[in-house]
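Shared between the two complexes below is chain A, which pairs with chain B and chain C, respectively.
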Partner chain A sequence: MPWLKKYLKAFELGFETALEYRFNFMISLISAAYPIIIQSFLWSAIYAASAGSSVYGYTFRQMIAYTFMAGLVARLVRTGFEYEIMDDVKNGKFSKFLVQPMGYFPYRLASFLGQKVPGQGMILGLLGLVLVGLNVFWGMQIEPLRVLAFLVTLVLATVLNFLLFYCFSAISFWIIEVGFLFEGIRIVTVLLSGGIFPLEVFGDRFARAAGLLPFKYTVNYPINVLNGKLTGSEALQGMLLQMIWIGVILLAANLLWRVGGRRYVAVGG
Partner chain B sequence: MWRWGDRMNELWREIKKHWLIYRLFLKNSLMAQMEYRFNFIGNLAMESGYLLVKLSYVVVVYRSGVSIHGLSPDEILLFIGTFVFLTAVYAGLYMINNFGLRGKIKDGDLDLILTKPVSLQFMATLRQADLTIFSVDALAGAVMVCIAWARLSIPVNLVTVGGYLGFLGISSVVSYCLFLLPQILSFWLMNTSAIAEITDSFWDFNNMPMDIYNRWIQQIGVFILPIFVVTNFPPMFVLKKMPSVYLGWALLLPFLLLGLVRLAWKRGLRNYSSASS
Partner chain C sequence: MVIKVNRLSKSFEYYKKELGLRNSIRNLFYREKLIKEAVREISFEIEEGEMVGFLGPNGAGKTTTLKMLSGILHPTSGQAQVLGFTPWERKKAFKMQFAIVMGQKNQLWWDLPANESLYLNKCIYELDDRQYQETLGELTELLDVKDLLNVQVRRLSLGERMKMELIAALIHRPRLIFLDEPTIGLDILSQMKIREFFRYYNLEKKATVVLTSHYMQDIEGLCKRVIIINEGQLVYDGDLHRVNDAFAHTKLIKLQLAVPVRVDELEAFGRVKSHDAFTVTLEVPRAEVKERSKAILDHLPVSDFNIEDIPVEEGIAQLYRRREVNHALA
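Here is the complex of A and B:
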């Protein structure tokens, strides 16, 4: 399949870029550990002061496990290509994709997945260590089938988050300097996805409303598949919803890029 | 006596001069920010997002309804409000300069300000300000502090308000020094971005009162790497939960850190080679 070759090259390039900046990635992992540490101490204090063994429907062990997993899963699905798209549109680099026999969307997807692979490997390794630690020290049972289902949901979550941010990056066609806005959007989506606290913490109404949005399916849902909070049928139902959201966001991305692309202006040679 | 008075006059003149220049820096920063309005709105959105995350901690504390290590939710709100207010000072007034210092040293841009008849450290570390971040966080922090103050029925008098403001001043000086020190390493090292990222993330340890951490972490955070001094001391003072050792340390620390920063800056500057040399 010769048409696939160019995208494999884009994947390869993304992979190499990620390896080139591996030290930066490791440093970013250290700073990602801080919120996990702060929240672990916070939950320890809250559970110590609380009369019951369960808070917000989570036992202490489930909550700590959630905190660790949320920190890692949010990092796993995180994007970053939106800044590259902003640069492409702002500085006219997008023009070359208009004349080359290469689709911008598949190129971005291939490059993104390539960039994700080394980091995902490292984070999955860390996640594995956390799971082993939870099993050895707290006796938390993780069934192999759940791990498998988690990995499937994780792939779908990564694709879903890619599509969400591909949609957001279309703002670059309307607003030239959009970097700060991307950061604001990223933070809010992390909060809405349950990447900081479980959604139940903010109340049933909030959790229900957040459940109507796609963000939950990028962090909160994969974790609940892994930690056993969801039954088998609920996990399958969630997977189906992930796929439906992927389809919906794909259509929205297509529409946004078609409308936004008409606004693109390249000046000069 | 005459010499002492003379020196004080000179010091006062210098302070007045630098204050005047600082006001011009603020004005220039505001004008530069308003020039790119979408940047301004984007920045506003970004900082509001960060604020939302900080507020999520408040929600967790209030909804749990428990006292954490003897601190009621209202008392914790006072701590978080102080943290948000001081984030305005750190992220709005210092951070942009701290992150830019590395580039100035690397690219030889310090040359341009070396020749100015104003303190080089002052120019290089306080010249720019992000007034969007400052206004969002200062307003949100002040509102949170006022709500907590009222709910806790803390008396409004010279001792409480004056003491709280005094500790905010100390915190501002401590955070200036604490987060500038790692950046000064740029005089010796070419790339300090990793160090900068780690130390910057340290700021978030103040998101919650230091009482949630164990005793060892508290002592390290107060005396060795005094990050907890920044946002814990002002509320501890008004809540009358401040041990006298901490009070003495709070009065001594700004002078110690300012001296250390000054020393490191002067040493580092000796290592600086200009762009044309």
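Here is the complex of A and C:
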């Protein structure tokens, strides 16, 4: 299968590039810890001031566990290639993919996954530590089956988030400088995906509305599989929905890129 | 026939901004759309194994044409057949057979050594190991960069990087190569090396090459035929050394004088193009070269005498200035 080899090589190059920039990655991990710590203080204050033992249906320990997991899962599925795509389109580097027998989409996917793997490994290790810590100090139950299901949903969540941002990056064909727009989109999607707070925090109606969007399936849903908020059949149903969303977004991406690609003007010499 | 272009046109939308902040603000709300016709109804054909210079002043539409021929851009109207394919359909079989090198763009991975990028290209073009090693060995030998394959691309000099770019572009042995200013910004030695390389490559591999360059040496050294466009229109298509025929109704007579002669006296024999004390260049009508020469030899203190054609550069420069020459040619 010679056609597969090119994408394996792209995967490998992504991997190598990620290793070249390992220091950058360490810094990004530290920056991920920062909001988690702030939120832990915030929730401590909220729970201390509230009368009951649970807030929005979460006990204090559940909330802290969610905060830690959300911080790490959001980091796990996070993209970053949208800036590269913007640069490709803005500066005419996209051209080379049009003249070579290689698809831009599978190339980006392979390179993205390659760049993700080293970091994913570390974050998964950290997540394992957090889980063990929760189990030892707070007696939180961890069922092996849930961990397995969580890993599957995580893979699907990564692919889904890739596709979502692949769609967003098609904006580059219409608007030339979209760096800030991407940052805005990222903040909104993190919020909608439950990457900061559980969606219940925003109220029932919001949680239900957010359930109709795909974002929830990138962070909130995998966590709920892991922490036991969902029953077995709910977890399976969620996986199915993840796959349906992947299919829908894939079609949307295809359409957007076909229409956008025609607008590409290949600037520069 | 490798390339057949028929009335190809491409126009772009753009907008203008007048000088100053006030106009920048005005532009936020209202942008007047303008249409630039980058390429207008050009037609030409190129045969297998030809090496053609594609010339024109900056902004003439050269790169836009090459981008259409390589499938990067869709034309606004017109047809093109390249290697039997319509380029902008971007068929895989088409992509496997050609390459485009842009002197101002790079395709190598900046942070990794060149051989990583080359290996990626091996995978992209689905080459087997033997083919790859053979071509790589040959190309690195020819361009003299064998020792640099393991060096990070960003640590290479501009000339070395260009050579690596060429290797990356030729690793799949394309039948057709578009070169868009491959020697831009390079020193004379690197330019010569690259010219020499393409002369050899074209002869040896029978590859068709379309070359744009602003260096006349590139064109004179490599191309017998040139296609010249200006403001998006084709103004000349033919032998490089006959560029002047179209409008060169004049010839140059170069004189060495034994004694200095005043300019106004010289002007009786033809238009004085340049002169100092002892050397003079006169431009005279082609039809009158004989009589004028005789008159000059009879009346001026000539110690040496030469009749020359107007240099090719000058003819091309004239074509860059004038647009409607193609009518004169027809």
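Assume the second predicted complex is superposed on the first by the 266 of 269 C-alpha atoms of A that agree within 3 Å, B and C clash if a C-alpha of one lies under 4 Å from a C-alpha of the other, contacts with A are read in each partner's own complex, and residues count from 1 in each chain.
Operating definition for what follows: a contact is a pair of C-beta atoms (placed from the backbone, for glycine too) under 8 Å apart; a residue touches a chain by one contact, two chains touch by 3 or more.
Values in this document were obtained by computation on a predicted structure and should not be read as measured data.
Visitor: For the overlay on chain A, clash or fit between chain B and chain C?
Guide: fit
Visitor: Would you check which partner chain A:W138 touches, where first means chain B only, second means chain C only, and both and neither mean what they say?
Guide: It touches nothing on chain B or chain C.
Visitor: Between chain B (first) and chain C (second), which, if any, makes contact with A:E183: first, second, both or neither?
Guide: The first partner, chain B, only.
Visitor: Chain B or chain C: which reaches more residues on chain A?
Guide: B
Visitor: Quick one: is A:L98 in contact with chain B, with chain C, with both, or with neither? Answer first, second, both or neither.
Guide: Only chain C; A:L98 stays clear of chain B.
Visitor: State whether A:E20 touches chain B only (first), chain C only (second), both chains, or neither.
Guide: second
Visitor: Rounded to the nearest Å, state the minimum C-alpha distance from chain B to chain C in the superposed three-chain model.
Guide: Here the least C-alpha separation of chain B and chain C stands at 5 Å.
Visitor: Residues of chain A touching chain B in their complex?
Guide: 23-24, 27-28, 30-31, 34-35, 38, 41-42, 44-46, 49-50, 55-56, 175-181, 183-188, 190-191, 196-197, 201-203
Visitor: Where on chain C is chain A touching in the complex?
Guide: Chain C reaches chain A through residues 12, 63, 67, 70-74, 90, 92, 95-96, 98-100, 102-105, 107, 109, 111-112, 116, 119-121, 123-126, 180-181.
Visitor: If you look only at chain A, which of its residues touch chain C in the complex?
Guide: Per the stated touch rule, the residues are 2-3, 5-6, 8-10, 13, 16-17, 20, 92-93, 95-96, 98-102, 262, 264-266, 268-269.
Visitor: What residues of chain B sit close enough to touch chain A in their complex?
Guide: Answer in residue numbers: 36, 38-39, 41-43, 45-50, 52-53, 56-57, 59-61, 63-64, 66-69, 193-194, 197-198, 200-202, 204-205, 207-208, 211-214.
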